[in-house]
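Paired with chain B in one complex and with chain C in the other, chain A is shared by the two complexes that follow.
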Partner chain A sequence: MTIRSAILEQLTELFEEDELDMPEFVDETVLLDTELDSLGFAVLVTRLDEELGFDPFSMMDEPVYPVTFKDFVDIYERFAPDEA
Partner chain B sequence: MSGSASPVAVRASDLSVTIDQLDADIYGLRGQVEQGGVASLHTDDATIVAAAIHVLDGWAGEVHLLPPALDVEVLPAGAIVLEPSRAGAAVAGDSSLAGETMWIVYTSGTTGAPKAIAHTAATLSRTVVRSERSASFVWGLLYDPNRMAGLQVLFQALRTSATVVAPSLHEPLSERIAELVDGGVTAISATPTLWRLVLQTPAARELELTQITLGGEIADQRILDGLASAFPSARIVHVFASTETGAAFSVTDGRAGFPAAYLEDAPRGIELQIRDDILHVHSPGVSASGPDGFASTGDIVEVVDDRVLFRGRASGVVNIGGANVWPEEVETLLRQHDDVLEALVTAKANALSGNVLMAQVVARDAVDGKALRKEFRSWVRDRAPGTHVPAMIKVVDALDISTAGKVTR
Partner chain C sequence: MITGTSGGLGAAFATALIAADYDVVGIARRDVTAADLGVPDDRYHHRQADLGDIDGIGELVSDLVATYGKPYGLINNSALGADGMLPTMHNSEIESMVAVNVTAPIILTKYAVRHMLSARRGRIINVSSVVAKTGYRGLAAYGATKASMEGFTRSLARDVGRRKITVNAIAPGFLATDMTSGLGDSNLERIEKRAALQRFASVDEVAASAVYLMSDAGAGVTGTVITVDAGGSA
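Then we have the complex of A and B:
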């Protein structure tokens, strides 16, 4: 599973659990325009940490705030531990 | 060995000791410590702790009570490590008393090193009521006898000449409950966490309890109601006390929290004050009290109508997105759900929101985890601000419980 698809899976689950309207997530989707609030993103990051085994936001020296869905995915890809 | 005429004081899993045997210092403890001296006792055997109370209170200066395995670095230099031995027993020493003995118990050390708290017989037995009723109790000991709560039960029983049935802590709870049933136990003191487990133990239905005491953690309405329905003839007392302040006061009306009137009208002379949302009790005899004699209980409280309700431990507050959240409040909410037997909520650091809450839930029936997670999160969301909704909810078989009977955080 790619990082992008893992993120999408967790997003879908979270939107479903919280009974929010799931938009189509494309590269340009602005995160704050979705119904997920900042707390929701904290929840998403926690779940991705459990799923992927790392939390890029706790690893970065300078805080980076992703604006679009692509920014978010890029951050995870950049901090992904090197494996095979 | 005789002693059959003397009433049984402590009935352990493999040994019963009578009052006469305790009087005769069957473990030979008194000869090991000088009058006014400092000693430490490392045991989780209730018969040995009872013997120590019997022969050392008023003789030793300080007795430190520790679990068998705990590191002894915390002990003062020169402390005699007591070695209970049935062999060299029955040398009753000088019977004169040195004065007040300090009983030093150690907190579970959930946050770092164990903390020593000094008590006296007076502060440990402040809730003791000497009545015909209490003398006829047979106490069941589910607590570790070297901890505050277990020590209180032993003091209570010895002071009222009641019997204590004390199954070994190393046995599973179902077997310990069976021993309490066999021993004819009528009174048990336990934490709400332990009581929830007791109610899940089939043998518990055979207990004929007339006295139920809850302490050590927040007693929510649900556990009070559950006990009232399982043991309709029992008097249910929830005790508000902490290791830091010794025995404090109790409530018997079956409602969570305590009457707000207690803030004006001190219950049994124990003055209460709320300072910065934290409950303080007037407890001048203990080491943790300030110059004015008030000691912090560390419990965050809130006055709701005619009731003072507990929100959680001051040390346990979690900042989530700028809001203060007490994990215990979320646990209480989760336990109100019919499918939840037990819940533990902890904090996990998060770069975006400061912290998030992580919940572990013991569900009534093993059902689909995903569906339950959704159900439990929306249950909390419908009843509390979004900051209280756990980020993750794991359905587990059981929670870890400490020897003090509390959920391990």
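Then we have the complex of A and C:
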């Protein structure tokens, strides 16, 4: 499973749990324009940590806040351990 | 998950919650065993850790979750209680007090609350002090740290309430614990006489408020401070 597909899988679960309308996530999708709020993204990061075994937002030296879906995926790909 | 179980109040939280059928993971610099607390071995687990090591807190929580499962509740009880006149307190004492009393519990909560968000339930209790509101001579820096935790409590309650997580503070009055032993007998006697009930609250009475907040009965209480001080600030 790629990191991108793992993220999409967790996003799908979250949208279903919260009974939200899931948009099509493309590179340009602005995260906070979706119905998932900032608390929802905190849950997403937690679940990805459980699924992938790392949390890039805790690993980075300076805080970075992704705006688009591509930004979000890029951050995970950049911090992925070699074996992931 | 309870920090500072090596102290009088932390130990009281642990024993009261175990008596109420919760399993407890204690965190403290010193070792604490189930036998020390007089509780069954399988109900109390201890992790020796220095919460002043802020960078290690994320890994500590990951490790505890891997070992014991996701936490239902967290009590941020660990604190340094150095007293002294601010103008003559050493900067390092002030900095370490802020690190242990404010930064560490905020970072610990950051990592613990993630698991509660995911589970859509949870309880966070921050141990404040009446000093956060009343003030007391020689406790300016300590009072600042405790007032910080009350502000943290109120805003975090707003952040995570939608996921059925409650965040509250408990503000004990002066208690007869190691932390207050430095205040001297005459000071303690004066504080005792000023209380509405003419005594100190006990650590068990403070712990009982934590049991309430952790319970289903406490599900409707969030973003507030419960003062348990035998009427000392009444």
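Keep this in mind: the second predicted complex is superposed on the first by the 83 of 84 C-alpha atoms of A that agree within 3 Å, B and C clash if a C-alpha of one lies under 4 Å from a C-alpha of the other, contacts with A are read in each partner's own complex, and residues count from 1 in each chain.
Assume contacts are C-beta pairs under 8 Å (C-beta built on N, C-alpha and C of every residue); 3 or more make two chains touch, one makes a residue touch a chain.
This is a predicted model, so every value here is computed, not measured.
Trainee: When the two structures are superposed on chain A, do chain B and chain C clash or fit side by side?
Mentor: Partners clash after overlay.
Trainee: Based on the superposed arrangement, let me know which partner A:25 touches: chain B (first), chain C (second), both, or neither?
Mentor: It touches nothing on chain B or chain C.
Trainee: Tell me the contact category for A:72 with respect to chain B and chain C: first, second, both or neither.
Mentor: neither
Trainee: In the superposed model, does chain B or chain C contact more residues of chain A?
Mentor: Result: the larger residue contact count on chain A belongs to B.
Trainee: Could you say whether A:39 touches chain B, chain C, both of them, or neither, answering first, second, both or neither?
Mentor: It touches chain B and chain C both.
Trainee: Between chain B and chain C, whom does A:47 touch in the aligned arrangement: first, second, both, or neither?
Mentor: both
Trainee: Touching A:16 in the superposition: chain B (first), chain C (second), both, neither?
Mentor: First partner only.
Trainee: Look at A:63 in the shared chain and tell me whether it touches chain B only, chain C only, both, or neither; answer first, second, both or neither.
Mentor: After superposition on chain A, A:63 lies in contact with chain B alone.
Trainee: Choose the clashing stretch of chain B with respect to chain C from the list 4-12, 130-138, 202-210 or 310-318.
Mentor: 310-318
Trainee: Find the residues of chain A that appear in the contact set with chain B and again in the contact set with chain C.
Mentor: 39, 42-43, 45-47, 50, 55, 58
Trainee: Okay, in this complex, where on chain A does chain B touch?
Mentor: Touch residues, chain A against chain B: 13, 16-19, 37-39, 41-43, 45-47, 50, 55, 57-58, 60, 63.
Trainee: What residues of chain C sit close enough to touch chain A in their complex?
Mentor: Touching chain A from chain C are residues 58, 114-115, 117-118, 159-160, 162-163.
Trainee: Which residues of chain A touch chain C in their complex?
Mentor: My answer: residues 39, 42-43, 45-47, 49-50, 55, 58.
Trainee: Hey, which residues of chain B end up touching chain A in the complex?
Mentor: 320-321, 348-353, 356, 358, 370, 373-374, 377-378, 381, 386-387, 391-392
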